[in-house]
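Look at the two complexes coming up: chain A is in both, with chain B in one and chain C in the other.
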Partner chain A sequence: MDKKKVILEIKNLSISFQQYDKGFGRTELDVIRDLNVTVHEGEMVAVVGSSGSGKSLLAHGILGILPYNGVIGGTILYDGGELTRKRKEQLRGNEIVLVPQSVAFLDPLMKIGPQIRKGKKDPESKEKLNRIFESYHLKQEVQELYPFELSGGMNRRVLVSTAMMGNPRLVIADEPTPGLHMKMVRRVMSHFRELADRGAGVLLITHDLEQALEVADRVAVFYAGTTVEDADVSDFAREETLRHPYSRALWRALPQNGFQFIGGTQPYVKDLPEGCPFGPRCEQFCEACRGEIPYRELRGGKVRCLCAE
Partner chain B sequence: MKHHLIFLSKQAIRMILLLVCVSIAAFFLVSLSPVDPLQANVGQAALGSMSQEQIAKLNAYWGVDQPPLERFLSWASDFFRGDMGISLLYRRPVSEVIAVKFANSIWLLAIAWVVSGVMGFCLGALAGMKQGTWVDKVIKGYSLVIASTPAFWLALVLLMIFAVWLKVLPVGLSVPIGMEAAGVTLADRIRHAVLPALTLSITGISNITLHTREKMIDIMESDYVLFARARGESNWSIFKNHGFRNVILPALTLQFASISEIFGGSVLVEEIFSYPGLGQAAVTAGIGSDVPLLLGITVISAAIVFGGNLAANILYGIVDPRIRKGGAGL
Partner chain C sequence: MILEAKHISFRYGTDSRQILNDFSLKLTCEERVGLIAPSGSGKTTFCKILAGYEKPDEGEVLLDGRPLSEYKGYCPVQMIWQHPEQVVNPRLCMKEVLAEGDHLEQRIAEGLGIETDWLNRYPAELSGGELQRFCIARALGERTRFVLADEISTMLDLITQSQIWSFLIQEVEKRGIGLLAVSHSTPLLKQVCTRVEDLE
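Right after this comes the complex of A and B.
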């Protein structure tokens, strides 16, 4: 793994929104702060965090499709160079692709085939799409259907097909399996695993740790807008090999490990505590946790905790 | 195919019901009005010189003394057979008068309808795509100003500018004064239709622009446009592939529904430009107590407006694949 090239490196990413308060006041809402993730070629990295914690914005930030009032900070390096706005526009849809949650992200009034081809009608694009459909065992007639006519099983393969129209080197999958049963989840995940095995970097954004552990190589644990731990999947085999108290709490919450839960809820971005965001729910909380917490290397992974050792 | 037939027959039944209701309402409103059928038909002076017996005879002859329901049924059954009665003012069958007036109006209405539809759609789509920019602000500002401007006032302003000051267009009527009907050219007709059509178009645009803009903004904020952007589609490609496709449906409905507004506007505008169309005939009939003509125009107008809405419904089914293929929503 170490020899493989880094395809995506996100350093201290922050995403904030400008909001207008009553009167003329303006506030900045920091949805993501100090986020760090690295994806290598042929590697599948899962960003795992609870629902509604702003994980999707990470995908939108990388692709440059944040709403107009979104401000992005920090550094994103792609293939060794900074991923500027201009580069994002050039690369998205071709080298950097997004696989969305559901067919709701497809235009309801455009047939599948032309939609995946982005309206292109040249023989080359047609030929390419035919090949992609073949490889996913989709009938060619499906190209003539509208999104509402797809069956649940076809949906996922069609969405993955959209990614294959380019030459993906980085695939971002945003909650690709909401509300699917396990068998289906495995099948969808196998598509992404396949993409990674063919050499692309895959960034899987999900709330489902169990799923992530089945297919991913590494897991970045996302809490209250930041990454608190970066661990190899094998570290999740035992609680002791994990580094951050939140990761350990997630581990204990898995069905096979006792379904235990901890008190409290993830803080809303507006009322984050000072210092460690997990502080109020942490058993090891101490005075020093109120200060700045660095994201440091530890036992081959990374952690944002003073007490971890 | 079967649900298409059901849909069409449902619509046909609806249209008949609507026309029946409109004619009942119109008929009884007129019978409640102070218009005295006898006086309207023979005139004030003639009525004054008649004896009570003569008046009673005429009343019986015309059926004035019959109960309203019977009068309505006899009018409706004649109307159903194509006999709309004789216009008091024009002294010709109502159907003929309406045909002539309608032929005049249809030019105005068609031009205004097409221009306001096309322009409104283009401006609205542009503003929606460029939401928040100065282009959007200018278009939105223009639409809001025009939407709050009364049509008759705008007509007067245009009249002052083009007919009085610049003297490039005629003040009114649909053909030059004092010219033989045979000598009137198409160019003459067009010159006379420009100002009224312009007034109707300008006032019609704003409504369509604002609605199209609103719809376009919704589309631009949708998940599928977000995904299209994530796939590297350019603004033009997004408009071509997704914006146009999705905004044309509501725009079509709006366009056909706007027939009623243009029709309503034409009543005022034709009056100001003395344009001898259906709208002006309606006003004349109302003021001149020409009951058969008034009723005839009312029913025909209702049919035209309903026809517009029906066309929108049918087109929707043809254009929207979810309705066409699914058969749902009908």
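Right after this comes the complex of A and C.
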């Protein structure tokens, strides 16, 4: 079988912010470092990390919508070519779509229907939108409302509809389901799955590992601003098939797998330890872990750990 | 102590949908009861009624046989909410947020992994998981007899979820506090609770 084409390849991505300290001092805050993710056509990859760890910035970095003081490094390849700023501007909204985390991304002054259709009035677009709304249990009247008139859950479904409108080749979904109940979560996820099965690449950014395991093909585990493991979903069936000690700790913390926990919290970007960011919480920590840790291939996946075998 | 909801019916306003209809539940302070129900079935509303934030249209909430509304001062039934960022005053620093609750033993903050450095920060300077630790601490004041936990760990990562629950279980067992846990996750409630009520 042919290997599927790579649609998105992110290599050693870093995102940092310049902040002003007291007086005239300036500091660089590295929020994301050495992040690597690859998405193939027809594949759904989940980036799983805890809330507040900077995952959303990954989506914003790919689309070129970082705040003005954000600096991006590393390479992003889309469809084989580098994703330059100009290409980002051309592709986003058409070939690359974002399902944002917050309803604040909707235009408050534009009615829902025209907003999703991007002003298109042809019968075909209208028909398509009607069908999408139907599948999300949104009444057709909703198209005539403004975002502030909708409930949180309805706004959420509207955001997801925006992605279904075009024929995207890459969908980036940033925590698309909080505030929705389980049935709706499943439905939304099945639509992303469908987009992937029709050949698009889907990058799902979420804190919910259980949800990711239900729908995704691969999972990239995100810890303290970097990817520590890239694993097939099936690797999560057992602890032994996982590679990184943090992924294993996550596995053991699942209620159905014993509900065990490890001490400590994820370090804040300002006070990262030297070398491995997981070092202080890791049982296998040794002197070598204070140095550079390469992201290496292991058993069909990838891991950023010296001790994993 | 016994917390009892008797034949509760409730709707918001007069012409909206009936959210709770003749719902009853009883729990003692030795129990940890889990509540599973589809979303939109009024689980949060039920917690709000049990904690005295809303008055039911029909039915009553009794604490040891006496209506909850008759208890003056600190309410012995405390609720922990799903979205911590919506239930802390953004203009208070975390030290003051904690002081809103009842007297708090030092070891609670320690047990929840609250770092001293966080006490001087404002809510916007903490992550959701860090804030939730404060909200749990605030609800565990000295005179608390029942804790209602409404989807308190959905936005947490798995390790933090497990850390927080293990502390909470230990604490309520030690002090004889009754717990009502609401969640959509059956495996979670099976781990946490002594009894699970499925409303589906």
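To be clear about the criterion, the second predicted complex is superposed on the first by the 267 of 309 C-alpha atoms of A that agree within 3 Å, B and C clash if a C-alpha of one lies under 4 Å from a C-alpha of the other, contacts with A are read in each partner's own complex, and residues count from 1 in each chain.
Here, a contact is a pair of C-beta atoms (placed from the backbone, for glycine too) under 8 Å apart; a residue touches a chain by one contact, two chains touch by 3 or more.
As the structure is a computational prediction, the values presented were derived from the model and not from experiment.
S.K.: On the A-aligned overlay, A:His207 touches which partner chain: chain B = first, chain C = second, or both, or neither?
M.R.: The answer is second: A:His207 touches chain C but not chain B.
S.K.: In the superposed arrangement, which partner chain does A:Ser51 touch: chain B (first), chain C (second), both, or neither?
M.R.: second
S.K.: After the superposition on A, what does A:Met182 contact: first (chain B), second (chain C), both or neither?
M.R.: second
S.K.: Determine, under the contact definition given at the top, whether A:Tyr68 touches first (chain B), second (chain C), both, or neither.
M.R.: first
S.K.: Which of the two partners, first being chain B and second being chain C, lies in contact with A:Leu106: first, second, both, or neither?
M.R.: Only chain B is touched by A:Leu106; chain C is not.
S.K.: Which partner does A:Leu254 contact after superposing on A: first (chain B), second (chain C), both, neither?
M.R.: In the superposition, A:Leu254 contacts chain C only.
S.K.: Per the contact definition in the header, classify A:Thr265: touching chain B only (first), chain C only (second), both, or neither.
M.R.: second
S.K.: Can you give me the overlap between the chain B contact set and the chain C contact set on chain A?
M.R.: The overlap between the chain B and chain C interfaces on chain A is empty, containing no residue.
S.K.: Within their complex, state which residues of chain A touch chain B.
M.R.: Result: residues 60, 63, 65, 68, 89-94, 97-98, 100, 104-110, 114-115, 118-119, 146, 148-149, 162, 165-166 of chain A touch chain B.
S.K.: Can you name the residues of chain C that touch chain A in the complex?
M.R.: So the residues of chain C touching chain A come out as 38-40, 113, 127-130, 154-163, 165-166, 184-185, 187-188, 190-191.
S.K.: Where on chain B is chain A touching in the complex?
M.R.: Within the complex, chain B touches chain A at residues 132, 223-224, 226-233, 237, 240-242, 245-246, 249, 320-322, 325-326.
S.K.: Provide the residue numbers of chain A that touch chain C in the complex, in ascending order.
M.R.: Per the touch definition, chain A meets chain C at residues 49-52, 178, 180-184, 207, 209-210, 249-250, 253-256, 259-263, 265-266.
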